[in-house]
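Consider the two complexes below, in which subunit A is the common component and subunit B and subunit C are the respective partners.
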Partner chain A sequence: MLESLPQNSNLQDPDVQSALVQITTSARWRKDSLYVTLFLGPSLLLLSVFVFWPMIKTLYLSLFLTDNLGHASVFVGLSNYVNLFKDPAYLSSLGATLLYVIAVSVLTIVLGMLLAVAAQQHLQGIRFFRTIFSSTMGISVSVAAIFWLFAFNPSVGVFAQISQVLHLPEINWLADPHFALLAVIITTVWMNLGFTFLILFGALQQLPSSLFEAAKIAGVNKTTQFFKISLPLISPTLFFVLVVTLIDAFKSFGLIDLMTVGGPNNATNLLVYRVYQDAFLNGNYGLASTESVILTVIIAIITLLQFKLLGKRVNY
Partner chain B sequence: MTITLNQLSKTYEESAQPVLKEVSVQINDGEFFVIVGPSGCGKSTLLRMIAGLTSISDGKLTINGKLANQVPPKDRALSMVFQSYALFPFMTVAENVGFGLKSRKLPSSEINHRVDDALAMVNLSDLRDRKPKELSGGQRQRVALARAIASEAKICLMDEPLSNLDAQLRAKMRIELKQLQRNLGLTVIYVTHDQVEAMTMADRVMVLNDQRVQQIDTPINLYQRPNNAFVAQFFGTPQINLLKANVAERELVIDSALHLPMTKTQINNSKVLVGIRPADVRIQIGSRGANARVATVSYLGNQSVITAVLNDSQTIRIVADSQLQIAADDLIKIIGVEDFHIFDINSQKLIGSQKGDVSDARVAATEF
Partner chain C sequence: MVFKHERCWFALTMLLLVLPLGACARSEAASRTPVVFWHEMTGPGQEQLKQFAKEFNASQTKYRVEPQFEGNYNEAVQKILHTHGTSASPAVFQSMDVSTSQLYHAKIGTPMQHFIDRDHYDINQTSPVARAFYSQNGNQISMPFNTSQPVLYYNASLLKRLGIKAPPVDPSYSDITRVAKAISAKSHGKVKGLTVEEYGWLFEQFMANGNEHLANHEDGRTGIPTKVQLNTPGTQAAMKWVRENIQAGDFIDYGAGSQAESNEIAAFLAGKLGIFIQSSAYISQLLAGTKDELGITYYPHQDGKPRNGVAVGGASLWISNDKPKDVQQGAWEFVKYVMTAKAQAQWQAATGYLALNKDSQKQPILQKLYKQHPSAQIPSQQLATIKANTANSGVFMEGVIQERNLAQTAMAQIYNGKDINKALAIAEKGLNRTVASTNQANHYK
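Here is the complex of A and B:
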C-alpha cells in the first residue's frame, strides 16, 4: 500500500496520515474477514442446515394450516396458538409436563446429592458403590425402559411382588392414569442419577480439606458444614446440573415412547411427545410446529429466570 | 495450658512403616514451641495429632492434665492456622473470623466484639467487608490469624503459616507473630521446615528427622550444643562443615592438612566426624604453607562464603571478610579454628565439643 503513495508526499501531513490509516485498516479488515469466514464457515453452514433453517421453517409453519406432506396451504395467523391454548387436552399436557419437569429435577438433584455425600464417606468398599452409583450413565434409554417395564409389570414385576408380600393394594403402574406419570418420573430420575451423582461427587471431592478441618476445630457440626461450606462452594456445579436436568426433562421423549406411548388416557403425553404425535402420526405439521415454538419459548423463559434468580446466588 | 506428649506414635493403617516414633515432650504454658524438620519427617502429622485431625496410634496426649487422645478437635480448646489459610471464599473477612463463634452459639454482641478486636489486632479493620480473593497473600494470612485470635483458645497450632509468603513479608510476619503470641500469652505450636523461622521465633525447638525426635532445646543450645550431626547440619547458614578425621594422640587429623589439638576429650574411635562452623575457620592467603585450594567464592555483601578443597579432596566452607581479595584457584592456609564438635562416624552422635580458639592448630603444608 505504501508504495502506491507518491515518493515526495509529506507523511506528516494530517490528510495523508488519515488516508494511510484508512488504507491500512481496510486492508486489515479484508484480511481479518477472510479468517473469520474460514473459521466460522463450516459451523455456520452446519448450523444453518440443521438448526437455523428448521427453526425458521417451524416458526413459519406455525402460522399455517398444512397439507399431509407438510406444505403450508392456508395462512391462519396466530389462530393455531389461540386454538392450542383453548384445547383442554393440550393444557393437561402442559400441566403434566410441568409436574414431570419439577419432580424429575428436584428428585434427581436431591437424590444425586445424597448419593454424592454418601460416596464421600471413608467406608470399606465405597469404591464399588461409587461405580454402581454412576453406572446408569452407561445405560441406554431402551435398556432402561425394558428393565423398568419388567419392574412395573403387574404380574412379575418387583413392585407387584413387594405389594403382594406386604398385602398392599395392587397397582398397575403403567396402565393406571394416576400412577403412569409417577412411573415415568421414577425411571427418568433413575436414568439421570448416574450423571448427576458423578458431577456432584466430583465437585465435592475437589473442595479443599483444610476448610473442613478448620470448621471441625471451630466446632462446626457436619450438617452446618454441609449447608454453610459445601453447598455454597459447589453452587456453580449445582446450578449447571439444575439447568441441564431441567432442559433434559422438558425434552423427554424416548422413555415415554417406549414405556407408555403417551397413555394411559394421555396421562404421560408430555409436550415433546405430543409434537411427535401431531406431526408424524396425525400429519398436522402446522399444529406441531406451533407446539414446538411454544415449548422453545417455555424453555427459554425458564432458563432465563434461572440465571436471573439463581445466578446471583452462585459463588463462582 | 500445658500439653504433654508421652511416647506418641503414628502408623497409618495401609502401611507397616510408622511415620512417627515415640515422641515425648512437655510444652509449657505461654511457650512458643517450634517443630522443625525436613519434608516427610512427620512434623505436620504430629501437629494434626495434637489438633485431633489425625488419630493417635500409640502413646498419650495430655492437654492441661487431661488425657485428650479421644477428645474431638472442637473440645481441645485450641485454634489452628493452616498453610493454605483455609478461608471460606464466599464469606467476607468479618464473616470468616466470626464463623466458628456462631456455631458455638455465642450472643451476637459478643461475636461482633471479638471479631472487631481480632481484626484490629491484625490491622484489618478497614478490610472487614472484603472477600478473601480481594486480599493479598499477607492479608489472607492475617485473616486466618484473626480467626484464631477470635476463638480465644489459649493454644494455637500453626502449620507452616508463612510458607506461602514472599521473603520480605515472611520476615515481617515473623516479628508480628511473635509479638502477638507474647501479648496474648498464647501457647503456640508452630510447624515449619525453615530453620531460620525456628531459630528466630522459638522459645524451644523440637527437631524431627527419620520419624524420631533428634533434639528438643532452645535455639542457642541447638546451635552451640547439637546432639548429633543432623541437628548440627540443620541449623546455621552456611551449613556446618562435617569432615572425616583420624584420631591421633591428642589431636585430630583432617586430610593430613589440618591438625586440631584436643584438650579434654578422650576418644576411643580411630575415625570421627568433626563439625566446624564456617564462621569459626580463620585463613590466610598465600601459597606459603598453604593447605587448601579455593574452589568457589560467593560474595554476600558484608562477608563471602568460600568453598575450598583440602588435599584429600574433602571440601570445607569458610565465611571470610568480603574485603579479602580472593578468587577461585587461589591457595589459602587455614590457620585456626575456634570451636568444633566431634561426632561418632557411624551413629552421628555427639562425642564431645571443644570451645575456645585453637589458633595454635598445627597446620600441615600441602603440596598442590
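Here is the complex of A and C:
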C-alpha cells in the first residue's frame, strides 16, 4: 500500500499525512477484522442460531395469534399484551411470582447465612453438620418434591400427624390456596439452602483471621465483628448469591410442576409455569411468547436495579 | 512394537464385534419394513406394549414394529405435529383423547375408516362408546386404544367393619352423601368420607352423565364449536353436592394434578379415606396395594335424573399419512393385532385399562381376575351398558385442555368457598374467549 504512494509527494502536507494515517488504520482494520471474524465468528454463529434468532422469533410471535400447528396466523399487534394485563389470573400470577421470588431470596440468604455462621464454630463433630447443611445440593428436584409431597400429605403426612397429636387445626398444605405457595416456598428454600450455605461458608472461611484477632484485642464483640467485618468483606459473595437466587427463583419450574401443577386456584401458577402451560399444554405459542417477553423484561429490570442500587454498596 | 501389537489386537477385536452386528442389521432391514410406533405409556403399560410389539414381530416376517416412548401426552402431541412430514415422524402413534380434534384438523393421519372399509374389518366388535369418541360424521378417525372411564371407588371392608350399607352399583349423589356421612360419623372423624379431585375431566363427566353438552353443535359433532357452557343446571347440582359434603365436614380436598391423585390413593390405601372418584385405570394399583376388599360403582348421577353414562378417557392409535403405503399397511396390521380379543384382555389384566373388544370378557385371563376380585368387572360393565350419544362421546373441540384448566380452577375456587354460580360463570366466560381466539387463529368460521 505504502509503496504505491508517489515518492516525491510532500509528506509534511497535513492532508497527505491524514490520508496516510487513514490508509494504515484501514489496513490494520482489515487485518484485525480477519482475526475478529475468526475468533468471534463461531460463537456469534452459535449465539445467533440458539439465542438471538429464538429471541427475535419470540418477539415476533408475541404479536400474533398462532394456529394449531404453532404458526403465526393472525397479526394482532399488541393485543396479546393488552389482554394479558387485563387478565386477573395473569395479574395474580405476577403477584404470586413477586411474592415467591422475594420470600425465597430473603429466606434462603438469611437461613444460609445463619447456617454458615453456625458451621464456623469450632465444635466437636462440626464437619458432620457442614456436610448435612450442604447436602441438599446433591438432591434433585424430583426427589425433593416427592419427599415434601409425603410430608405435606393431609392424611398420612408428617405435618398432619404432628398437628393431630398436638390438636392443632389441620392444614391442607397443597390444596388450600392460602398455604400452597407457602408450601412451595418452604420446599424451594430447603432446596436452595445447600448451595447458598456452601458459597457463604466458603467466603467466611476465606476471611483473614488477623482482622478478628485485632478486633478481639480492641474489645469488639462478636455481633459487631459480624456486621462490621465479616458482612462487608463477603458482600461481593452475598451479592452474587442474591442475583443467582433471585434469577433462579424467577425460573422455578420443576417443583411447581411436581407439587401443585400451578394450582390450587392458580395460587402457585408462577410466570414460568404459565409460559409452559400456554406453549406446551395449550399449544398457544403466541400468548406464551408474549408471556416470555414480559418475563424477560421483568428479570432484566430487576437485575439492572440490583446492579445499580446494591452494586455501589458492595466492597470489592 | 508392543504398542503396535496392541493396536492391531484392538482393531481386530472391534472388527469382530462390529461385523456380525452389521450383518444382522442388514439382513433384518432387507427383509422387514420398519414401523416406528410412538407411545406415551409408562410402567406396566409400557412393558405390555413392548410385549405386544415383540409378539407381533414374531407372528409375521414382513414388518418390524419399533415402540418408542415419547414422554407425556402433551409433549408427544407437540412432537407429532412438528415432525410430521419429516423422516423423524412415526408410522403409528398413540395420542390422548383431548388432542383428537386438533390432530384431525391438522390432517396428519390416514383415517382408520379407510383401512376398515378396504379390509371389511369388523369394527362392531369394538366398544361403541369408545369408538364414538374418536369418530366424526360416522368415520373412524383413529382407533380407541388405552381406554378408561371414571368410576367411584369405596373401601368395602371398611364399610363392613363400621356396619354401613354399601352404595348401590348405580348411585345417586345422595346415596354417596349418605355413605360418606356414615363413614365420618362412625369412625369419629378418623376416616374422611369422600373426595372428588379438582379435575376438568371429572367436571366434563358430570355434564356427560347428566346428558348436557359442553360445546354447541352437539359437543362439536355436527360442526366446529363456537360457544361453550360450563355453568349449567347439571354442573351446579354436582358442585352443590360437593359443597354440601364439604360443609358437613365429610369431604377432604387433595387439590389438583398428579400429587392429588397420589395423595388420595395413599390415603385410601392407608384406610384414611372411604370414597373417591377416579379413573378406572387405577384399579390394578388399588387391588395390589391393599388387603381390604375394593368396592366399585358407576359414576354417580344427579338425584331424580337417570345416568346418561360417562365418556371414555385415555388415548387412541393413529396412522400417519406421510409414510409410504407398505409402512402404513404394517401400522394397520399392528393396530389390528392389539385390538384382538386376546390382546385386549391381556391389556386390561396388565394395566387396568378397559378391554375394548367385546369378546375379551370371556378370555380366561379376565375371567380369572373377576373371580378373584368381583368388583373388577364393574368398569367394564359400566362401559358396556352406556348407549353412545353426542353428550357422552367427549367434546370434539380444540381447546379442551384450556377447558380443563378453567374448570379445574373453578372447582378449586368452589371447594375453597367461592360462590358456585360466580366461579362457573367466570370459567365459562374465559373458555368462550379462548374458543373465539382459537377459531380466529385457525381461520374457522
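In the analysis below, the second predicted complex is superposed on the first by the 286 of 316 C-alpha atoms of A that agree within 3 Å, B and C clash if a C-alpha of one lies under 4 Å from a C-alpha of the other, contacts with A are read in each partner's own complex, and residues count from 1 in each chain.
Basically, a residue touches a chain if its C-beta (ideal position, glycine included) is under 8 Å from a C-beta of that chain, and two chains touch if they have at least 3 such contacts.
Note that the structure is a prediction, hence the values are computed from the model and not measured.
Superposition of the two structures on subunit A shows subunit C fitting alongside subunit B with no clash. In the superposed model, A:Leu211 lies in contact with subunit B only, and not with subunit C.
With subunit A as vertex, the superposed Cα centres of subunit B and subunit C define an angle of 140 degrees, given in steps of 10. By the document's definition of touching, of the two partners only subunit B reaches A:Val220; subunit C does not. When the shared chain is aligned, subunit C comes close enough to touch A:Leu65, but subunit B does not.
In the overlay built on the shared chain, the residue A:Leu233 is in contact with subunit B alone; subunit C does not reach it.
The partner that reaches more residues of subunit A, of the two candidates subunit B and subunit C, is C.
Of all Cα pairs spanning subunit B and subunit C in the superposition, the closest are 51 Å apart. In the superposition on the C-alpha atoms of chain A, no part of subunit A is touched by subunit B in one complex and by subunit C in the other.
The residues of subunit A lying in touch with subunit B in their complex are 208, 210-211, 213-221, 224, 228-229, 232-233, 315. Across the complex, subunit A meets subunit C through its residues 65-70, 73-74, 89, 149, 153-156, 172, 174-177, 180, 258-261, 263-266, 277, 280-284, 286. Subunit C makes touch with subunit A in their complex at residues 74-75, 77-78, 81-82, 102, 105-106, 192, 198, 252-260, 262-263, 266-267, 270, 272-273, 398-399, 401-402, 405, 408-409, 412-413, 415-416, 430, 437-438, 440-443.
Those residues of subunit B lying in contact with subunit A across their complex are 51-53, 72-76, 78-80, 82-84, 86, 88-90, 99-101, 103-104, 147, 151.
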